[in-house]
Amino acid sequence: MDFIGANILSVSQFERGDIDRVFAVADTMVPYARREKVTRVLEGAILGNMFLEPSTRTRLSFGSAFNLLGGTVRETVGITASAMAKGESLYDTARVLSGYSDVICMRHPQEGSVAEFAAASRVPVVNGGDGANEHPTQALLDLYTIRKELEAHGRSLDEFRIAMIGDLKYGRTVHSLCKLLCLFSNVQIVLVSPPELAMPEDVVEKLRAAGHKVSVSDELEASISHVDIVYSTRIQEERFASQEEANLYRGRFRLNREIFTRHAQPNTVIMHPLPRDSRAEANELDTDLNEHPSLAIFRQTDNGLLVRMALFALLLGVEGKVDQYSHEVRWHVRRTPV
Amino acid sequence: MDFIGANILSVSQFERGDIDRVFAVADTMVPYARREKVTRVLEGAILGNMFLEPSTRTRLSFGSAFNLLGGTVRETVGITASAMAKGESLYDTARVLSGYSDVICMRHPQEGSVAEFAAASRVPVVNGGDGANEHPTQALLDLYTIRKELEAHGRSLDEFRIAMIGDLKYGRTVHSLCKLLCLFSNVQIVLVSPPELAMPEDVVEKLRAAGHKVSVSDELEASISHVDIVYSTRIQEERFASQEEANLYRGRFRLNREIFTRHAQPNTVIMHPLPRDSRAEANELDTDLNEHPSLAIFRQTDNGLLVRMALFALLLGVEGKVDQYSHEVRWHVRRTPV
Amino acid sequence: MDFIGANILSVSQFERGDIDRVFAVADTMVPYARREKVTRVLEGAILGNMFLEPSTRTRLSFGSAFNLLGGTVRETVGITASAMAKGESLYDTARVLSGYSDVICMRHPQEGSVAEFAAASRVPVVNGGDGANEHPTQALLDLYTIRKELEAHGRSLDEFRIAMIGDLKYGRTVHSLCKLLCLFSNVQIVLVSPPELAMPEDVVEKLRAAGHKVSVSDELEASISHVDIVYSTRIQEERFASQEEANLYRGRFRLNREIFTRHAQPNTVIMHPLPRDSRAEANELDTDLNEHPSLAIFRQTDNGLLVRMALFALLLGVEGKVDQYSHEVRWHVRRTPV
């Protein structure tokens, strides 16, 4: 795809080469994210960060990524702050607001609304999540994290094993990730969920059509024993017929240090799209793993910055000029790695 | 007037020469708004963007205008976020908050509150709308748009024809625009509204005292057939005695492509202060005109950036230095014109 | 203490030399706060300004202080905007959000929460107020203001007289200020409050152990007649057994121009942590003193900028480089002093 001026609305718009491109550019962003260098390449550019549904993490990640390229951010949070409440159409909103910025990130509670907005926008639009539909930058950062963790052990995206655990029926992130995995080869996928929350059949079909091996399980321990990546997601109790059944499954899919140490291989990596519910009654990914080197959940969010910086650089056509306008950081950096 | 350090509170404070000055400076902002150039002239300056009543469009327009001059924005949205809830006076709020910025834009739900705030502020204040009272930058951008559209056809503000349509009784924008029109000569004004929503007599008096020809009509088609500008505004149904009467008038003042094409002249321009209500039951300015070249409503909001940039530059005394601190834009600009 | 990379969580972490250090750096910030100069020393640095409980004044003060050093601000306001609502732990929030910024300021309604957040944060954290517990930068700006006002009359923090008035039992700011005063010598302190709202005994003990003279009074007039500083605070009526009692005390501790002129010495300075309740029924510090040169309450908030700039500079290790990356301000500054 031609990234310059494009909208990023869905994972479906990426081909294999596009992914490679984004990830290669993301790699070049490391010195800026680590605060070794500062760039002014986007000096004067304005990101319209439109979060009509609140999301602290994603909103700040987009905003900081744009700042790290030297750009400025104008922000809107919450639907009530908007003229839409007075009957303004998405078309009008997009026509007007796109006049105030150079690129727009939008989260919106309604499926399809970001694409509708993008069609009327006069500048590129990045989908920051539209209801249950798409959240393409989350899928990209997940895949980038898998690649990076695999490469640390000499592996690649073209031959690895992953267990996806939890709510595979409603989980937007696992669906998008599976779509992206179809661009690669020889992935072994174990799907671990209660039957009520199984992966939709059409997603499984696509994975198989791409040549991947897909198996289904409802046993956590067996599933994590031969994989490179454990991708855990939240199970919400309201999905079940009764509280008893919910408790049964939540207990069975709860990953903690003891289970992980006993059953997983040393190099296995744990991921989660966050937020994870750390209250005692949920705790799907136990806090006793917080200091475990296999826990990659905060490396994921760090990687989100790199991927979003890469997308902004590509959309605005500056990916080759970042270093040209850079200088050394001037302050003392205290930043604990994760 | 001496713009340096002044407050912008009301359209009444402008004389003809001031308007000419603002518009001349606004014209020089085009290369920055079009992202051909980037300036650092306001590097280090802070705009306090205080929207105690929410308004996405106006808030972002002020903020982006300040950013486009190289300045930084600190923002407050909503009255609950404020110490005012604990009994703090506007005087105290102004004394304190003006210590944190170099210029303040304020929207406030109460009439007169922005002037009260400005009296205690230690830095210049721009009124971003105080209840039903004033919204001077909206009137300036409307007039600047009229001038620009007229000039595209070799005309000027000193001899043109305008039809104002809709709620002329309560519409803050049409009142302010009429005040500004009194600074010019030979304007022919057709006022089109239901009798309940007629233009107040004192506004009509002022227009006539300025030498303008004012006529009144309640027929949309006849009114738009010999004007250069159609300025449409929202008719709210709750203004009427009965739903039947509301429907009658809404149907009679609804401008769409068929009516416009049949009755208006080719060069006639359509304006609206926005937001327009695009729901089927309102739709005062039909969406079937969205792609029509006569529709200037998004050129209006684009012009708002230019006018606000001009005001900031004049208040801070940098209107002659913008180019001196400028450089070429570094990213690829994809910006569809409107 | 070693400021580089430190957290600022409590006034208890400061020794005398640390205070002197912060104040010396604050003094060097004056040309930047007065807009004589602009610095880029923190260009590229991001402040995460996390106000999970709203506070316009403190939030804007932190944000503007960071901007005045050339840094960028990403902001979050309100707890609902946060994943915490979905059961995310402070640990997770801190791990993630600290990846997006270089220093974090946090206000949180719960005591101890900011320290908990700081323990998991990967970058330095400044406490912007955690419930009734601590608000260290307020205490620092109060003390810095006292020092500056004393020095204007050739006095110093090591020998002065202060009257603290109002709610001394629940007032977080007076407790913190007293802790800091223990680092100095020969302070005479008059504590003026209703018996129900008296200063806690342990605070009085600490002041006496530090060698200060502490006396208690319930007469406003006598108390302010021989002091250098009058530090007034709000008395909330809900603290009393009956409305009659509340009215009695509020009347007795209300400072106005007549009382001040008749009883205080000419050089005496009036301070207040703000917001003050200016409604007629409260009015603990009468608005008829607004233009009095002894009223230092807006000099306090101005000093807050200097102290916060100093802390940021010290935490990020740039206090010696601010001038090196500076240039003259480019705009016309209109800033009324207070």
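When the chains are written out, they are named A, B and C in that same order, and each has its own residue count from 1.
The rule we apply is simple: a residue touches a chain if its C-beta (ideal position, glycine included) is under 8 Å from a C-beta of that chain, and two chains touch if they have at least 3 such contacts.
This is a predicted model, so every value here is computed, not measured.
The touch graph of these protein chains is complete, with an edge between every pair of chains.
Of all residue numbers used where subunit A meets subunit B, under half belong to both copies. The two sides are thus made of different residues.
If you average the CA atoms of subunit A and of subunit B, the two centres end up 40 Å from each other. Residue positions 72, 75 of subunit B each touch two or more of the other chains. Every residue of subunit B that touches subunit A in the complex is listed here, in rising order: 35, 38-39, 54-57, 60-61, 63-64, 67-68, 70, 72-73, 75, 77, 274-279, 282, 287, 290, 297-298, 301-302, 305, 329-338.
Remark: subunit A residues 4-5, 40-46, 48, 72, 74-77, 80-83, 86-89, 91-92, 95-97, 99-102, 122-124, 316-318, 321, 325 touch subunit B in the complex.
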